[in-house]
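In what follows, structures are represented as structure tokens.
Common to both upcoming complexes is chain A, partnered first by chain B, then by chain C.
Let's turn to the complex of A and B:
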């Protein structure tokens, strides 16, 4: 999973919702911009944004995810269908979407995003589900690992014939799911004791603020989208 | 949304994502990334399943691979189908019923996902499916059919396995735990 990395780049300093708005704008633009040059130009711009924002981990993540994708695109469209241009267009679009979201998710602290949603008076459940899920996922993954180790100690075989591996699914899955379900009531009680479900409006101690940089990035996002549209129809 | 459902959804999303670890450990050609969604459909009905599917795909899309955001519609289809089948057809009454329902969902999911795979990604999705697509394309099958056949083969196996895993979980659910989720009894066909 992509994790937040502390920093002082542009994407770190802007309001979380501005960052996600910019990501949506760039992702839309790369499909609106006319092929073949448009998507390549938007990808190049997004790489520059990630470099300027000092997010090497987002760039690395994009390379890791994109390389096999580009390989298969060149195999199917370049070798089999003799249309490498289409491979470049699709690859640029997909790599742009991967990069821009990886950059935003790396830069935006999840807690700040939840605070931003709460400051906008979004229902508590939206922020809670988002933040609780981010906390639960690594814990359940660790638990899945612990269960697999425990079951292997008891003699479960996770390698070998396909039938044996299929048989191992249930002994690995059932304990994981049942342990997760047994937590539900405990969590519901914890939510109730914190006043969730009441009528009082929750407030945020340090709501994220939008400033001049947000206005500039907002103009940039709208500008890219409008520019791509006119480039296409022009 | 009740507090119990609010507590259930993040855990179900966690199950969806943790299943990837089990599948990769066993090196099986399936994803099982909708087990949590189908389970919630059985335990709490279609609306909770929709919330689980939505959050699951958003988290996968944002924090794992944003390409997956394009398949949001497929997750929602799985949630609606599982919710309706659990509410009205008691699909988890027996293993063959569960497997059959999963097989039908596999056909529906493949039919919903192949246009996305073809138009947005040029037929390239996960490595296993794409390899099948490339082999079929190399054999002379038109790309759109190669993508559809590859998606169909994967989704039928994956969704059938998903429903059978959820059947196994519901069968193993202790009575006290099952009692907390009234919809579970209906999905298992043990109550009106």
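Let's turn to the complex of A and C:
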């Protein structure tokens, strides 16, 4: 599961919006760059960026998600259609997008992102939607674990035969979905009781600064995109 | 001077046929600590949600009668906006009141003041003050997600106090605290002289020595109101199981009329 991890790598240090801009640039470039070499090169560059930024968890998660996907692609395009190059292109594109966003989500603290958006005078709701999106997966995972433990205390068996496991899905899923829906109401009440919704403009507690590293990353992002474009048309 | 005026208030939760509050009349004086108590389901929490503008605006339901908090109707959108920051409510489950956007206790406490647009210096000053006052300065750099329920309850209370509200609504503020900490929290309330505090709890024995006014609810209406000894010493209240333990013991021992609610009261009651 992807969640923010404290660190001191490049992506941790740059402005949150620079990091997201870089992610958008790389994700676009991997589709613009000419196949078959272009997407593979962009993927390789993204892996290097993740390694340099010391984000092993993002790399690990990307591998876990990508391996079965690559397996299916190689099976379909390699064995059935005799076009393994196509599998590599599609796989590289998908893995790049997963990796770059996993890296950004791992590196960017949600609170910093909210502050960055607030510093741009974006409405609180915009920052909160971004932040809540980044936090929803860990929150749901914690809730799912609590529901699973509660149901097991009440006699639900989640191990055993495949049929038994399938039967256990309903008593676990229904409370999870319902509690996720009630979470929306809880959040609304919690925010309303803590000063959200007033007329004041929210104070940015830690204004994120953009420095030389941001300029370098900005140039890198634009360079990758422009380079991919000219590589394709050239 | 009255901070809260409620007249003929009725409220029914969404999906329910039974009103949670019915024809309720309550007047809460400004700058004092008022205990709202009663049996579970008496309507105490519902009343606080209405005063905070949460019900029915966010929760749904049907409201009748009039509510005025600091002269403003909190049930309207405009009234709710006017009261943001002036009326603050502490929910009984602190984990559900976390902002979910901060990675340190200090920032969590600063969340409310930041929403009010205060400058960073003022925010830092009030946050430090409240962290000290609630004895959680040592937790300032911890991730709120790693705290125990009791620690979290103090963090959220610090966040509420840091907003320097004119009206502070506390719904079971000691639900996750150990007895000494609960005692300490209640003892803190009379110090908030610039704030009207409305405390809803069934923890009457611990809370009542620290409040100046009491409103006892049952079945969605007021059963008794007045000073702690006036309201909690009434036979009707003791009969509801909503009074103090001392009053209940005296009642079960055959005492009738105005019953004492604490040990000092028992001494006077015996002497008289």
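Of note:
The rule is simple: the second predicted complex is superposed on the first by the 166 of 234 C-alpha atoms of A that agree within 3 Å, B and C clash if a C-alpha of one lies under 4 Å from a C-alpha of the other, contacts with A are read in each partner's own complex, and residues count from 1 in each chain.
In the analysis below, contacts are C-beta pairs under 8 Å (C-beta built on N, C-alpha and C of every residue); 3 or more make two chains touch, one makes a residue touch a chain.
Computed from a prediction, not measured in an experiment: that's the story for all the values here.
Shared-chain residue A:194: touches chain C; no touch with chain B.
Judged by the touch definition given at the top, the superposed model places A:165 against chain B, while chain C stays out of reach. Once the two complexes are overlaid on the shared chain, A:185 sits against chain B and chain C alike.
Look at A:132: by the touch rule set out above, it reaches both chain B and chain C. Comparing chain B with chain C, the partner in contact with more residues of chain A is B. In the overlay built on the shared chain, the residue A:90 is in contact with chain B alone; chain C does not reach it. Residues 128, 132, 135, 139, 185, 187-188, 191-192, 196-197 of chain A lie at the contact with chain B in one complex and at the contact with chain C in the other.
Against chain B, the residues of chain A that register as touching in their complex are 1-2, 27, 65, 68-69, 72-73, 75-77, 80-81, 86-87, 90, 93-94, 97-98, 100-102, 105, 125, 128-130, 132-137, 139-141, 143-145, 148, 158-159, 162, 165-166, 168-170, 172-174, 176-178, 180-185, 187-188, 191-192, 196-197. Against chain A, in their complex, chain B makes its touches with residues 1-4, 6-15, 17-19, 21-22, 25-28, 32, 35, 39, 43, 51, 55, 59, 61-67, 69, 120-124, 127, 130, 133-134, 137-138, 143, 161, 165, 168-169, 172-174, 177, 180. Residue ranges of chain C in contact with chain A, taken from their complex: 52-54, 58-59, 80-81, 84-85, 88-91, 96-103, 107, 110-120, 123, 159-160, 163.
Taken together, the chain A residues at the contact with chain C in this complex read 4, 109-111, 114, 124, 128, 131-132, 135, 139, 185-206.
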